[in-house]
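Take a look at the structures listed below.
Shared chain: subunit A. Partners: subunit B in the first complex, subunit C in the second.
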Partner chain A sequence: MDDGRISRHGSGAKLWLAGGWLLLALLAALFAPLVAPQDPLAQDLMFERLPPFWMSGSEPGFWLGTDSLGRDLLSRLIFGARIAFVVAFAAALAACLVGSTLGLISGYFGGWADRIISRVVDVWMAFPPVLFAILLVAVLGTGLSSVIIAIAVIDWTRFCRVIRAETMGQARMDYVENARIAGYGRIGIMLREVLPNVVPSIVALLSLEMGIAVIVEAILSFVNLSISTDDPTWGGIIAEGRLSIHQAWWVLVFPLITLILTVLSFSQFGEGLKARFDPVLR
Partner chain B sequence: MLLQRFLIRLLTMAITLFGVAVVVFVVIRVAPGDPIAMMLPPGATDADIARLRALYGLDKTIVEQFFIWLAGVVRGDFGTSISLRQDVLGLVFNRLPATLELAIVALLMALAIGGTTAILGARERGTAVEAGIDIASGAALSIPDFLWGLVLILLFGVLMPVFDISGRVSPQLDLPFVTQFYLFESLVRLRFDLTKDLLGHMLMPAVALALPLAAIISQLLKQSLKEVLDLDYVVLARVKGFSETQVILREALKNAALPTLTLVGVQFTFLIGGTVIVERLFSYEGLGNMAIDAVINRDLPLIQGIVLVFALLFVLINLAVDMTYAVLNPRLRHG
Partner chain C sequence: MNAAVNPCLDIRSLSAVLPNGVRVLRSVSLSVQPGEVRALVGESGAGKTMIGKAVLGVLPPSVRIVEGDILLEGEDLGRLQPKARRTLMGARTALIPQDPLTALNPSRRIGPQMTDRLVRILGWSGQRADIRIRQLLDEVQIRDPDRVTKSYPHELSGGMRQRVLIAAAFAAEPRLIVADEPTTALDVTVQKQILRLIAQLQREHGTAILFVTHDLGVVAKISQKVSVLYAGKVVEEAETAALFASPQHPYTRALMAATPRYTNPFASLKPVDEAVLAGLASEIAAADQAWRRPHG
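Now for the complex of A and B:
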């Protein structure tokens, strides 16, 4: 943050690039049946392991090649984006609501509320998150809602810790004292004065968390514990790609590039937004 | 002062572990699906099922089960694995060394990469070198270990197959080891051929785990170094004629390292958490890989045991970091 000049100079471009990719992926997910060149579930053993379009042996209409069952990779990635975005939005929002609320209460009221919430956060931090996620999905049963619940149950602490610390900082500021002298109630001050000041952090964390949710879903799909239907998921495609890595590298490379771009975009987008809205950084 | 701090931390540690035990126990017991039903062949009678349920204590109330289990845990009895039919603690201790060795190698790598780039970036501050380091560490930080693992598999397992991307040690080798700390023992026994093979297997998963942490270390240490480099005593060293590298290594580093050290402790627990999926990715026979199998097989006692051991490891690391910080930080040392 010391070299704010440099980072702010680049932050505009980063924000646009990241936002552009996310918008593209989101539109592809929304209009998947219209934009996908093939049926993502259609198997064709005549077309198994076709390479991407620029290599010899590729077939027109299968731009990124096919997997070992002859399913079109591009179409599967486009349909996989649907699951990825649903999980990203739902899980991140749920984690954000729970975590930010508890963080705000913990940081603003302090005392017993803070002590209890902080202890619970300590307990949560003592779990390996990936193992916790796998365990929860195994317990809840596979399915879209289980994945979303598992991610929210695990990652609320991320919001809680940051928002608690920020709220504690804000609560010591003069404007809070002024509001109290002006006769506002404690909950009123918390919601009307403190909350708007921690919103930039919440927004940045929310975007970051969406990227994390996409990864966790991919990990769960990878260990075959995600939504367990035939619907393609990015993690599921990666798991297939890992198996046929020596015969058809593209089945791993393209979903991997998609995931990396998406995760990078979510984190850069969040940071960019924060830099834009944060009055201190601005 | 230090002792008091230590005792308070020990108490909160016990509370945290108790909380973990409660959460794991509750989460697992609300699970639908009967693990006993999965153990028995289809022709089993109700009496068989009842006998097995009693054997694993599943016929009692959930609160009774919890305290029976907890009493056992305190005595070191974690129960019997349902899928592997072996003592849970034995299984866990058999796999833990592999995970610890991987995590420590990854930590050392992260410190080496992060430390070097931080020092380089601080020395070359304001130049293209620093900008390059910033971009690299930004990318390393944003991409999680799972994806780094896949990238490494593609690069060094397929494109240039120079490293092993599967297992802990080449299966055809004769292993003279008596403990599970293969790497450590190979060093002690001066069997460097085995050390090389073990490190070869460990390199890719360790790099995947190390990169995000290396990025954090690099960013934070560089920041602290740049702050310290403007202080009077550092300027004085420079006036005395030390080169910039000497100034950083001899004067600035030890004062800039403390904030990084605290952070490395917390981040090291994240790294250990990452071993779960990275071990899976590289078929490395550690605790995390066994944990995923345990979840898939609904092996309740084994899952409980593994999660508790991970939690114990995490709180111990935090305790160690906290105490190191208290000892090293002069402000805390003198109350």
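Now for the complex of A and C:
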């Protein structure tokens, strides 16, 4: 019992820290025009490569400095969060819906449905994900919706595998047999009895997947395959920062920190939620 | 046919095989009269649980019934369409399971789990189901039904969970309850209370019970008739009192000798004799031979 209590407290702190960061980032993204100190696209060659606020030579109003075109880094990060979050939510949700549904069917019904779905997943996962994403975007063309579709198409297998395994475990439990004896149909049992027991896993995975979507989007914008407009993206800022690393390290380091914190928070937030909402773990 | 003269449950020479051709049930015949408790005893692997599952229609997919009929109140279950069968079984049968922890859905509260079945399968109103559940929880001596119905299964003790399951089993007034070793997963002290509770509810509701157990002490306490099972074959069946007074089959005698007695706790237990097992083996082999001939 003691172990349970300790880990629960640990997960509580994790949950609040991760949730706090995500909330902050989300609010910044939602109200970007209000909170961003500068126009993220405004170039000013007089202010190029200004250092962050604590270093000498910094200018007030440019908290994290500027890049080689004199654009405010903090504002670019805040506007970049918009695209990151849109991709995270849309892509993860789409992947979750497709993957969880197929996983539930595969795990609960078994038989030939399971065989077909599992083989498709095996084949799917044989593709290297990033190459697959680049290929898909090359085919679909760049743009926000292409990125979202590409991530969903690649990552539904993650949900499918985990939910399939969870469902198989639950379907063997006596309460499922009891429900059959009570006279429920198979689909009714799947939705009413089994699904609530795999929801904690779905939630944890969904959060994790949002983090992964953020990374994949950053990778795609790093290789200039994400959105084609001038809107700042974290991956794009990192790519630009790489070019001027010797003159202005902050252009590379701050977006990296933002990216890592966000991805880490998504995964920890998911774990924390699972621990909190799973009645058996609770 | 008049329903009153039909036995509640009638199993007629039921045989089931595994994919490798091994018979797990060997022409099992047994019947349970309305309001009667029939015990099914045997060692692990004797097929007791398999019979229960066959009756309730939840055999594992790998086990195939190759012969025999199961009749519930004169109705041949094998002849029914799956949907009709489900509805009939949901209304007329129930299970008291072995493990009260896994038999309840861990992520749903007790109350809805219990009322759900009444509302969805039997078409009761939610209010009527609620009242009924409270009444049953009272009958199984749960004093704080409010707390229990709002709890998740893991918040209750094993004994409480088993009481909940007993209440749920009796709630729809089924004609037949299959009790699959309902006391095995419980503490010895709780076992006795649960057994007494099942016996009491059985008497008050007049429900027939197929009571699966490996414990002869339990058999003596609760049942009117016994079937002794070995390797999927009924080796002896009798009135409970008669069986204990004069067991006919050597295996039954050996089982009784192997039961620990409180009157002499220091006596060592007697394992079932080699000669008895050899006799059983030849009996089973002969039965299989006779069975194979007409079935090819």
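Structure notes:
The definition used in the following text is that the second predicted complex is superposed on the first by the 276 of 282 C-alpha atoms of A that agree within 3 Å, B and C clash if a C-alpha of one lies under 4 Å from a C-alpha of the other, contacts with A are read in each partner's own complex, and residues count from 1 in each chain.
As a convention for this text, a contact is a pair of C-beta atoms (placed from the backbone, for glycine too) under 8 Å apart; a residue touches a chain by one contact, two chains touch by 3 or more.
Owing to the predicted nature of the structure, the values given are computational and were not obtained by experimental measurement.
The superposition on subunit A brings subunit B alongside subunit C with room for both. Measured by the number of subunit A residues touched, the leading partner among subunit B and subunit C is B. When the two structures are aligned on the shared chain, A:Ile219 is found in touch with subunit B, with no touch to subunit C. Residue contacts after overlaying the shared chain place A:Glu177 against subunit C, while subunit B stays out of touching range. When the two complexes are overlaid on their common chain A, residue A:Met168 makes contact with neither subunit B nor subunit C. When both complexes are overlaid on chain A, the residue A:Val123 reaches subunit B alone and has no touch with subunit C.
By the touch criterion defined above, A:Ile245 reaches subunit B but does not reach subunit C. Once both structures are fitted onto chain A, a short way to say it is that subunit B and subunit C open up an angle of 90° at subunit A, using Cα centres and rounding to the nearest 10.
In the superposed pair of complexes, A:Ser267 makes contact with subunit B only, with no contact to subunit C. Look at A:Gly185: by the touch rule set out above, it reaches subunit C but stays clear of subunit B.
In the superposed pair of complexes, A:Ala138 makes contact with subunit B only, with no contact to subunit C. Closest C-alpha contact of subunit B with subunit C, superposed model: 16 Å. Subunit C contributes residues 56-58, 83, 86-87, 89-91, 93-95, 97-99, 102-108, 116-117, 120-121, 152, 154 to its touches with subunit A in the complex. Of all residues in subunit B, those touching subunit A in their complex are 12, 15-17, 19-20, 23-24, 27-28, 30-32, 131, 139, 142-144, 146-147, 150-151, 153-154, 157-158, 223, 226, 269, 272-277, 280-281, 288, 291-292, 295-296, 298, 303, 306-307, 310-311, 314-315.
Contacts from subunit A toward subunit B in the complex involve residues 2, 6, 119-120, 122-123, 125-132, 134-136, 138-139, 141, 211-212, 215, 218-219, 222-225, 238, 242, 245-246, 249, 252-253, 256, 259-260, 263-264, 267-268. On subunit A, the positions that touch subunit C within their shared complex are 173-175, 177-185, 188, 192-193, 196-197, 199, 278-280.
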